[in-house]
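Common to both upcoming complexes is chain A, partnered first by chain B, then by chain C.
After this line comes the complex of A and B, so read on.
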């Protein structure tokens, strides 16, 4: 189409209007015919022969002379007729050509529409708004929609074709994605309602049933890991599909269909799958599978909850078995190590596969807290583990290694409900370590105390720190003692005294035994020295906790240095004056309590490689009728022989009862103090609130038993600290 | 109301106490005289033997709850002994100056005591009366059982029966203190028996009752 040519140069002359503007209806009809013809030509791809200017002017004139309606109506009917023809041509297209034909014709229609709109621009701007008609472009789209897309022959065929192609692609075939893109874009252009109703809705339905079927198939034949892999693949495919040839708004919808059909509907079956479900993945550390499961399940409601719940119940079950299996409880250090390993393993899983999800961390923590407290020996065992590490386990470890291990232990410590029981055992074990000098590193010891202090406060560790102070002070005292008294002491045995402050140390009352005279002398010298500088104090020898190094010469002249306990020393020194003694003799001379004496003699006479005494009869156990002889046939490869080190060991049943009883006794005043504190500030309170408050106040140390709390309240009532309220029987009142 | 008479009292015991001299009504005279019949001459109080005698005259067993009620009415402080003042207080209130009148006064006394407002006072009194030493705050289980039977047995027979069984059976508590004693009364008054459906162990019941209820429920 060409515009008018360049104006020819003429003599300047004003001429009359050549074209008379007439209101002649015939004129309108003629003009319309011209335009109608043009429309057809445009559709016939013959637009090049048309004059834009002339057509524009024609349309302009029609509208100007009030023939806008005729123009509009004509446009509408002409286009409709045209489209109906186009529709037929599309309908007859065969097979794969159907879509192509549709697409081509669509392209054509758009181009044509563009041109027509330009020609009819004036009408679009004036007549259309004033008569509230649909603008030309939109009209063209609507007509296309009504006569092509919604034509009965095309409508369902279009949908079926599209869905069929998508299905083929899902089954692995390659399809013409560009064409698909074009068609879906066409539908979007026709209006989101068209896209949704005529394509998207059915698409989603068909996809749902497709994936429903596929998921059923997969779940029968695949194990969990593979099923998840397939699901992930399908999910990615659909997202890919959307990005290539569907409208972006469909992504959320189709992904939720896949998620529902493939994941949500089979969630429980998947996690519980035998031999391949969640539990197996956890056991075998299948990080990839677990990560995949996490990422897929988080897309569906309660997906992560399902995983978490199963993980929690599995952990609790396994943990429970671990802490109640008598086999596994034989060696406390092993037991705790196993706990730490389990914790490490699952920490790693949560870290690597679950993206450090806090809710999973919490589930892990609550499970551990649950089963660790099922066994009431856990506090003791954890203390023994630390004891083992500080005694030898951490030998040669770097400072960082030490910190790492102690931090891990603290994690377990935090799970304990009965922290006061741990404190009791820790004190005992620490005392033994300090007094036997068997700690691997002072720094490590202190580091542990600091950690406990940070966790539980000053009061928890003040006594422990006192123990360290005592050790240091004792050292200083001994130095001073020898500096001042060295001439007086001469060649006597060397004494090393640890002065323990009562109250800081877990000492038991110890009946005095008879020390050998040489020892007694120097002990008395020390006592007078000490009391000279610290008047007003009282010293009691703890003969059940000391050690001695003795030089012994045996039959053939072998010299050995024996490291023994104080009791053992008392026994052995008796044999300097005689070769044989009965049990009763020894008991009488040494005054050592019976159970201790029996243990002492057993380790001196019945242990292979350490039998510096000979017993008659040669039975395993010590009886009161036994006789003991100095064993001059004793041999050992070692020059220094250690007999009877006081190693911390897991307590025997009666010892355990005793400790437990002491703990219960200690708790009573703590509970009472808490009750009094609470009542002092609240004045009046009901029973349940008291129990809740007391529990809250004490939970950092232990979990008080509500029955015990009630008993303490009654005891306080009896002692007139509290009384029952006279009017409301649910309340207690504080008596100032 | 009796007219005052000029008859002077002749008992030496009465003269020993600083009682009213003029205007002593015949009633008081007779009350005092009655006192002397039972009182021990050296200690001027009615001792357990005297009480026993009194009881036999009243035809009431001396372990009967009515004697306890009488003691309450008198405001007796020491178990087994009635002082003159206490005797006077009690008999005057009962308007009894002879054995027969005293006997007749019993039913009314029982009614009076069992009135809830009075019973609330009588009940802890019964406990305190049993405390044999000054500093003691508890009574032994067997004594408590006896007392329970005496004081509550009529009104709350089923509960008391079971409670006594339990107290004898359990061995956690060897004595009962006042707090627990009051708890028993409250229990009988407030808790449905034998259903026990409104007993809530979360409330401030003494522990001994929690255990009792648990024991009952287990059976």
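After this line comes the complex of A and C, so read on.
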């Protein structure tokens, strides 16, 4: 019940007992004189001659005999008088001695106060609480506050001196920190309110204007990095100052002043600073500057948001350029590698400079997601990149390296909205790799499949896994075939068949060409063997996908082994019996589709160094009137000659259209299935909700187009899976 | 003639002519904040420092007999008072040396419901029936009866009584050991009564808590008092106009902070017991049978002015109608309320469920009722402390312990009639008896030596 208590009423007085034993009326006065003298002696550092016991007893007696009020009043006025003297001696202290003097006197006063309180302890315990007075120690502090700190001659001088010293220290001078600490501690001891009102508030105001000026100056002449360095140093200086000689409670306040003046007020100007702002730091990988910016901006409201927004827009902009620049789309592998590099670069920045801040990671991810999907060829390119890596790129790489690369690819894959398109391409590329035996590592292939499976589930990879199974069974079947039929086959050509399950592979039905009779025999033998062991199956030859190794002897007797496609093999075998054939003849004999045939002849006759055929007339392109001859003069340094077909690495425009068409076609049943699933559980739903639900369900694979969803709904209504509600046309009902 | 080594740390005290020798360490045990501690402090012994090797000697002009007891207290922590020393003398001396708190701490131990002893019976001198007894946090207490609250310190010496216009007192509460809140009835035709804070030490009125309605100060009759840990004071109020409900004041400013008007069907203004529940930040308001026809308990949430939980025995089936809930106490875990009826059955209400009935506990029939018919009976009361449950029935207090509230002790003190109120606080239990206003003080003896 002190200080801030409710207003008290003290309108009656304890009346003295009428029958009190009369003391010598001079007694109280005399006792008080003794005590007063003692108080003076204590202030004069002359206490050694005093008897504590005697003084204590005197004070006790005064309280006991109801002179408590006199004692208390006497103490108050004596101490006040002493403090007024002290105040004068502090006032006359010159310049730098002022604080010293103040501090010394404060120490003296504290010590004296303790001793006075010792003497008056009994009064403090009994008289003070029962008469609602301020306890002695607090009284001493209050009087010091009122007569010293708030004395007009000292008050503003003290503040000015303190602020001046702090300013000097900010300008690089060395000041007496120990003295500062004592003075601020004194202000704290006098109560938090004294410290705050008489020092902290003006200190913060002066600091604010100091830093506002300094930041103006810095921002005129410094680049962003230097400015941040200076701000950081100032911030650390202030924290250091608080820890050395200010109250710990001031730290948050002064740092917020520095943050506001140095950072918050110039935030936008800083990040956008020409040639040194955030974007330049990102471009030049200035980890230290970025980390500094992050740590400083984190302290102010919306600081990180500012960085994040600018970084996002920068990423989107550069990313957009990256994926839409036709120049950069020429090489898919290079394209994806560039994306990966970009990602690595920013991952590292976030890791090193931004403390792995989740919000920044999210911003990076969303930016990538945004611009990767700007180019609808991204799925194809990513698949091509994997294809490239799995064909040759990973040769010699350790298992961990492979994992790292695949993980990075998966990360890009996650950004893709059209995951089904990726699947389509991946299947094609995988098929090619498997059938041509170009896969570098089976483990790497399987690892990739596992990653896709964890990402998208079993459905996504079941067909891909089926392809692997086919490869394995084919191997077993061929072994068995040769084990059982080797005597029957004799010395004929060796046949290696891959039996592909229809549906698992991206095969196009394609009329088989006419195989040379030697091959046909063994093919038929295999067919009868296979159908004999697996009844009820159908075998179709995919002659457009096979390869062959054939031995050829040229004019001067040199022998070469030619590695060619099945089509090329068929063509070349024709030249066993004749030296020259027209295009029409070849087409007629082999029945190879015209476009394939042209490509195949082109690679046999028009590629330098691999021209085992000679064409007349000589030209780059194949026309239907050309005649082809066996090239007697063919030479090559290599024994084994690989004659590639002119294969399109990247899909050509029409092919791309076709793939897209197929993807669209494949999406239809998936959308329908999703609609039916949703309607089955919800029974009745309006159009917009269906669209939203379907989008949600299929998000993992692709982003369905609302127009397509609408078409599918209409189709389902036609097929009587759904019907429109009779009253509300926006509602659909599920028909079980 | 001591060797310097032996003299170090030794202190010789001449108290009223008798010489005591002890060590500075023993006296330092009194603390810097005591007379002995200050006397030995370096600040007061600067002159003696040079010759510091010898035994320091001090003279103290006090009674040696009492000092012997207090020195023994400092040495052993135990208080052993020879019969020739009076309580008053000892306390006076302890106050001189600044050791009164230590004497009090040595007097009785930490409160244990099953080890209570009757420490004192204090004869009252009230002209009428006592209304309430309240324990102070420091071991003192106050007794309210008629228009006066009598205040006792922990030595059970009576201080100056407290009056609020001499209006009949309904409730009193210790906000802290020096501040007493009093709720007094408004008398017809006189704008007196209300809630006020007094100094428990001097009896001075500190502050009157007002209720303003439409900016007009209204007089009112407060029923029960309570306060929370943030110095909010609550009182059930009945005003002359519409001021029926719970008034709230902020003790630090002294101003009215809130008023919870009673919603229809909730008897708040008549409440005879308020209890602040820290765990749920709610105020339990109980209005019991003798005051109204039906008993009513509710929990108020002041943050959104909401009745968070309520129970009433309105509409209880006729067969149970004769079981009136007469007193209720929220258990310390804040999950249930214990109630008691006129047959001294204990019952429990689950605070986590709204709209549940009382689970009466038949096996907790209290003590064997030894009812002398010429005695006036009192309604039973309940209290909870440190996991134990206390119930007053006639002239006995029963102590229930453990999670199932098994009867473990019964306290029967003065033969002064039924117990009309009791209160636990400051490690003591005070029981106010109906006849002659005697109150019994129960406390726990210090733990045995071995």
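The criterion applied here is as follows: the second predicted complex is superposed on the first by the 705 of 736 C-alpha atoms of A that agree within 3 Å, B and C clash if a C-alpha of one lies under 4 Å from a C-alpha of the other, contacts with A are read in each partner's own complex, and residues count from 1 in each chain.
By definition in this document, a contact is a pair of C-beta atoms (placed from the backbone, for glycine too) under 8 Å apart; a residue touches a chain by one contact, two chains touch by 3 or more.
None of the values given here were measured: they were computed from a predicted structure.
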| item | value |
| --- | --- |
| Contacts of A:57 with chain B and chain C, given as first, second, both or neither | second |
| Superposition-derived comparison: chain B or chain C, residues of chain A touched | C |
| First, second, both or neither for A:130, with chain B first and chain C second | second |
| Which of chain B and chain C A:122 touches, first, second, both or neither | second |
| Which superposed partner A:483 touches (first chain B, second chain C, both, neither) | neither |
| Partner chain in contact with A:111 - chain B first, chain C second, else both or neither | second |
| Complex interface listing, chain A residues touching chain C | 1, 4-10, 47-50, 52-53, 56-57, 60, 111, 114-115, 118, 121-122, 125-126, 129-132 |
| Interfacial residue positions of chain C with respect to chain A in the complex | 33-35, 38-39, 41, 43-44, 46-47, 58-61, 95-96, 98, 178-179, 197, 199, 201-202, 204-207, 251-254 |
| Touching residues (chain side chain A, partner chain B) in the complex | 686-688, 707, 710-711, 713-714, 717-718, 724, 729-732 |
| Chain A partner contacts - residues on chain B that touch it in the complex | 137, 177, 179-180, 182, 186, 202-204, 206-207, 210 |
